[in-house]
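Chain naming follows the written order as A, B and C, and within any one chain the residues start at number 1.
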Amino acid sequence: MSGLSPRHWAGLALLAAFAIALPFAFEPRGYGIRILCLALLFAAMAQSWNIVAGLANQISLGHAAFFGIGAYTSTLLLIHFGITPWLGMFAAAALGGAAALLISLPTMRLRGHYFALATLAFGEVMRVIGNSWGGLTGGPVGISVPFAQPSLALMQFRETRSSYWLMLAALVLVTLVFVAIKRSRLGYRLRAIKENADAAEVIGVDTTRTKIIAAVISGALTAALGTLYAQFQFFFDPDTVFGVASVSVRMAMIAIVGGIGTAAGPILGALFVIPLEELANQVFSAQAAGLSQLVFGLLLILVILIEPRGFMAIGPRLQRLFGKGDRR
Amino acid sequence: MSAPLLEVSGVGKRFGGLQALSNVSLSVEAGEIVGLIGPNGAGKTTLFSTLVGLHRPESGAIRLDGRDLVGLKPHKIAAAGMVKTFQNVALFLESSVLDNVLTGGLMRHSIPDARALARRCLERVGIAAIAGKLARDLSFPERARVEVARALCTEPRVLLLDEAMAALNHAEMDAFMALLRQLREEGLTLIVVEHHMRAIMSLCDRLVVLNFGQMIATGTPEQIARDPAVVEAYLGRSAA
Amino acid sequence: MAVVQAILDGLMIGGVYAVISIGLTLVFGVMGIVNFAQAEFLMLGMFVAYYAWAWLGLDPLLAAPLAFVVVFLLGAAIQRVLIRRVLKAPEVAQIFLTVGLLIVLENAALLMFGSGFRSVSTPYQTSSLQLGPLFISVPYLAAFAMSVASGLALWLFLKSSWFGRAMRATAQDPMAARLIGIDADRMHMLAFALGVGLTAFGGAVILPYLTASPTVGTQFAVLMFTVVVLGGLGSVAGAVVGGLAVGIIQSLSALVFPIQLQNLVLFVVFIAVLAFRPKGMLGAAR
């Protein structure tokens, strides 16, 4: 399990080459490539959520808090101090991590529904603050990232292609972090907590500390991705970046649809959910607002009812169905 | 005589209106095998859970090597060297047997070292052959043995075994008792809760009897067998 | 005197909060799941009452029983088709099933009713009673009275009917309940239907002083969670205390903070209670 076989490496290399070359198949500033960018970004977000929810089973409904903190931090630093978003991203991650620590301290003892409720409220607190602290955030009317000459130094690009590669790099990085955690002592401890917290404590796992470390890493990564979102969209408001449905639930749903707790799950989930949503928007929105969101909700319910372990469980299921190779 | 390794004095634990433990005191020397017996509901499992920090006692002290453990979290007590197995078996069901045991080794070791240690523990407990199986696919006796291997992998000084021999057949039980004796030779101190009187009588240096959360007797197996209070506690109620 | 007036107002709206939140706590008590979509049933209740007013000329207070019945039936169907399937599933499935339900209900309402705000007009809408130096708004008082009546009806039902006692037995010990011949499935359906029906009833009685819109649920969601967590998830009596407390906290904080920050006060109370007294202020587990 520690090393991949040469065939796997070859497969991964092929996949990487494909992912890097993919933008050349699209119009440089077209709609298709923008959707791909969003899919990659949301895959990375879902992967960050996966660190706490997938590995430790701490189901957060408030990750929008970190995402919004990240988006506002780098944007405000850029507006007021001219600090490049590359640095702003680190400031965002630091603040996101600090926020995760702050909310972890009182909520770490909570499990299951209680934890979900507490994190949901935390996300809403941040949304309310974002809307009411107009002096800082611009309030409900939103905030614009100052547009300069496209330059790598300011993380602004002439062609969407460049954004694509940035998002791709972010996704790869977050996925590597996820895999590294999963295989590390932290990963073993998180799994132990997920499966039996009392037993984990008794055999020497500091469950509180372990959960907090995972929450801080997850919060910091999510906040850094908030910076990428701000630089990609150029405009956002509190209801968007701190939104329950638009961010918190969407991150979670993508991970669940793909396969919660697996590295490939969030990627598969995002490549399915985001284009589908965009398609629904394209097809339906003209006639009826709400239809694409309705599709989103129905999809979530269907996945939960049919296969709550997501796409990643379908492969093994089919194998079992046809009687090939039992699990390990 | 040197100070005892584990010294429990005047420990009391209450759940709501139920006094689960009252004024329990016992001391265990390094290298001893102590049997903890008593009718169902006497408080044996509660005592174990209190010793490892899952419950916090309202009164009394628990000293390991002179250090008071009351109020410490279980992982700190595990680090100090006292670990228990779970009577109802609390494995990580979605993980492999090896990963279950390995997790116990992570407190003191890197992953590769913990893995090597875990394999040795599995071998000693006699279940190396099922290392790759998922815990959820195991039979109950297998699970109980994984519990023991996982606890051993934390390299404890004091190991609390809560009915680890339940569901073992005669041959398996003999092998298991041989293992416990050997572990004792290597310096491990053991407290065992067990219903099998044959096992308890031949294995333990000393017995402690609990009834209604109180310690009613302590002594060598021979003394205990003749103690009228113990006989009454067992026979006066259910003979099981 | 402003403080006394605020407390009085708080009690009035708190009574409504209690009734709309009882359903949430009832479902948790009986089935062990938190229905994240609960507030959407309040929204549905408001719309049932609105259309009863617009089409039949029925006063929302009289339409409240109708809202209860309609949403009760819908709730029974939802329990049968959806919720029942995740009762033994991992928590993540339980949580996201009701989150998905929330999204579906809100957007289905958006499609059916449009995004506009709808309000009714009643003869008593702006009238108020004077009680010495204090004023009681008639719509508040009416909503409060209706809530108290429905709360009492529920209490009587749980206390003295066979179904009510069977439901409480199921909540306390499902195994034992099954042994004495109680059909747990039917009890769950009844609890869920009753719970959402009661919330819809509450939605109808507040229509005289609040506007209905498909997104009105989001205003109430965290508020309802605060109420039940304050009183102890699963405790019906706790929801009553929690509801009154939240009403009072809200109207008192209105004296000090601008309107947006009132919710912030609630959230802080909510997180603090979860962190320090997760079983609720009354400490009742069930």
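Simple rule for what comes next: a residue touches a chain if its C-beta (ideal position, glycine included) is under 8 Å from a C-beta of that chain, and two chains touch if they have at least 3 such contacts.
Since the structure is predicted, the reported quantities are computational estimates derived from the model, not experimental observations.
Trainee: Going by the stated contact rule, which chains contact subunit A and subunit B alike?
Mentor: The common neighbours do not exist; no chain touches both.
Trainee: Name the most central chain, where centre means the mean of Cα atoms.
Mentor: Nearest to the common C-alpha centre lies chain A.
Trainee: Work out the mean Cα position per chain and let me know which chain is farthest from subunit C.
Mentor: That would be chain B.
Trainee: Can you give the whole-Å distance between the Cα centres of subunit A and subunit B?
Mentor: Result: the chain centres lie 44 Å from each other.
Trainee: What whole-number Å value describes the gap between the mean CA coordinates of subunit A and subunit C?
Mentor: About 32 Å separates the centre of subunit A from that of subunit C.
Trainee: When the centre of a chain is set as the mean of its C-alpha atoms, what distance in Å lies between subunit B and subunit C?
Mentor: Taking the average C-alpha coordinate of subunit B and of subunit C, the gap between them is 49 Å.
Trainee: Give the list of subunit B residues in touch with subunit A in this complex.
Mentor: Of all residues in subunit B, those touching subunit A are 52-54, 73-75, 78-79, 83-84, 86, 90-96, 99, 102-104, 106-108, 110-111, 132, 134, 150-151, 153-154.
Trainee: Could you list, by residue number, the parts of subunit A that touch subunit C in their complex?
Mentor: It comes out as residues 53, 57, 59, 61, 103, 106-107, 109-110, 112-114, 116-118, 120-122, 124-125, 128-129, 131-132, 244-245, 249, 252-253, 256, 260, 288-291, 293-294, 296-301, 304-305, 308.
Trainee: Per the contact definition, I'd like the list of subunit A residues that touch subunit B in the complex.
Mentor: It comes out as residues 183-185, 188-189, 191-192, 195-196, 198-208, 327-328.
Trainee: Going by the contact rule set out above, which residues of subunit C touch subunit A in the complex?
Mentor: Subunit C reaches subunit A through residues 28, 33-34, 36, 82, 85-86, 89-97, 99-104, 106-111, 115, 214, 218, 222, 225-226, 229, 233, 258, 260-261, 263-264, 267-268, 270-272, 274-276, 278.
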